[in-house]
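When the chains are written out, they are named A, B, C and D in that same order, and each has its own residue count from 1.
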């Protein structure tokens, strides 16, 4: 489920990211794109950690019973 | 068998008396071994000569002179202030002490020792500093007041950090690493105050720094007294 | 009347369980022998009872005239002799005794201190630095220091370590006196010392 | 999926904040495009201070109750706080390069965040110097509280005495925010997002630590 959402978001970004005319305006989108990528990277990494943690937690609880 | 007979109730007065006894014991021990006093004074003299040697004939500006003085005092303190607690742990006398005296008395006694240690350092190093770096102190009264307040502040932080470091296994530079961040407010105000005092500022001009130094020391001392028991009791 | 009560004492260092489920009660006039092989936690238990170390689980409580205290609150009642307790080697014997008397809030009773030192065969060595003492003499000195304030509770970890025949004799006599109307706790493996404990606690067997 | 709704909400929320920061908000006078750093640098510094406060609070609770889980919370909060302190310091110095053309000139606000960095470094140096977990927890707790007691002297007192280069047109000393409403909306949103992110990272860290404790059955 998570992966499809991120794909969708990235594609929207792609549309947005048309070659701009003005030199200066274009820079801000670069920064925006970088920031978004960093954020999405962090976000999905945390989700990945969260899921792994859940598996380990269930495994331990299962073993401790 | 009422508890009072056993001295179970500690009044503030008995605490002060006991901290004085501990202070005398440590002073006596130090007088015999002179380990801490040697470390601290030698370090100060070495760093001062290194500074004046490298500066050579150039006349330093007051802000640099002031910063130089406090750098020397701080790092000399770091070489000697931890000894008071580390020695007790290394010679296994700390448990004996735990059994005979209440923590607050121990902290106050050791704090007193460190304050006197720093003062004895300054008595030697400040005249040398004024001579070697050819410092003309116009506002002498403010200068001395700030030296005293700054030293008491450093001694307070140094004592509580020494108690922590004594419990850690790997000591080495840990004492300076722990003490430096907490000493920054003291160092910053002391340097600023000393600088104004050197340029002729009276107590009024350095009031902001004096107030900060004083209130910082009071805050650190009270929290140290409250927290020391948690460090001292295993 | 003093009563020491250990309730389900447990001690653990990081993941190593030293001992658990230790229970005993001791009243004035009773004595306890703590036995167990080397490194089984005898010393740890002694340190917990004396308040030098806090237990990981359970509690150690002192009942005095109906009121309860933690060990750290009753340190003036406790005397401890142990290999891990050193005296101030750079001070003379007398300076040590003066310090320990004063810090305990006692007046420096010269004659009594001198008698105590003589009793433990240290007569005439009052003004010598402790670092010049042999290990046997240091052990005797520890007894002198532990007895300055006539402790209600005397804990001894390996009573006769480093002591010669004559020294051990003095110590056994002291242990006898202590258990008449006060509390004595001895941690040892020596068979003839275990007899000093009417009650027994074996630290190893507490799994 | 039900339990984790707030995580997905955070994901979308922060994405909106980032978009808002770059597309929606105007620029402050004199700072030009660099104002946009505000929405990330200040929340990072806020989280750094917040985590320090949480660490100190749990340290106090550990000293009172002597239960290991409080130490776990204190240490984990400090660890996450350390990351954000580094972030705040770096973003701050990049911003300083842009505006005052120097990465570091010991402006009082820079000094304060840097001291926080030193305190965290000392805190972890202390923790690694002690083996016994109880002793480590106890001494680390004491240091964290003492450090916390000195923070007011660092953060509030020192910047006030000396003139500060820090751009105060947005947040002046009385912390009255004179910002354009749109900027304010995105700033507060980002602040909330960062705090939620901090909480999430903290939860993951503490869950891991508690599992480790459970493995060694010391809980």
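Here is the rule we go by: a contact is a pair of C-beta atoms (placed from the backbone, for glycine too) under 8 Å apart; a residue touches a chain by one contact, two chains touch by 3 or more.
Source: prediction; values computed, not measured.
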Subassemblies held together by touching, chain D left out: A | B, C
Innermost chain, taking as reference the mean of every protein Cα atom displayed: B
Which of C-D and A-D has more C-beta contact pairs: A-D
Cα-centroid distance, chain A relative to chain C, in whole angstrom: 65
CA centroid of chain A to CA centroid of chain D, Å: 22
Inter-chain centre distance, chain C versus chain D - centres from mean C-alpha coordinates, in Å: 50
Distance from chain C to chain B - Cα centre to Cα centre, in angstrom: 36
Per-residue overlap in chain C, given as positions that touch at least 2 other chains: none
Touching two or more other chains - residues of chain B: 234
Chain D: positions in contact with at least two other chains: 131
Pairs of chains found to touch, sorted by chain label: A-D, B-C, B-D, C-D
Chain D residues within the chain B interface of the complex: 63, 111, 115, 118-119, 121-122, 125-126, 129-131, 135, 138-139, 141-143, 145-147, 149-150, 153-154, 157-158, 161
Chain C-touching residues of chain B, taken from the complex the two chains share: 1-3, 6-8, 14, 18, 21-22, 25, 28-29, 32-33, 91-93, 95-96, 98-102, 233-234
Residues of chain A that touch chain D when the two form their complex: 1, 5, 9, 27-29, 31-32, 35-36, 39-40, 42-43, 46-47, 49-50, 53, 56-57, 60, 64
Residue ranges of chain C in contact with chain D within the complex: 12-15, 56
Residues of chain D touching chain A in the complex: 1, 4, 7-8, 10-11, 14-15, 18-19, 21-23, 33, 36, 40, 197, 200-201, 204, 207-208, 211, 214-215
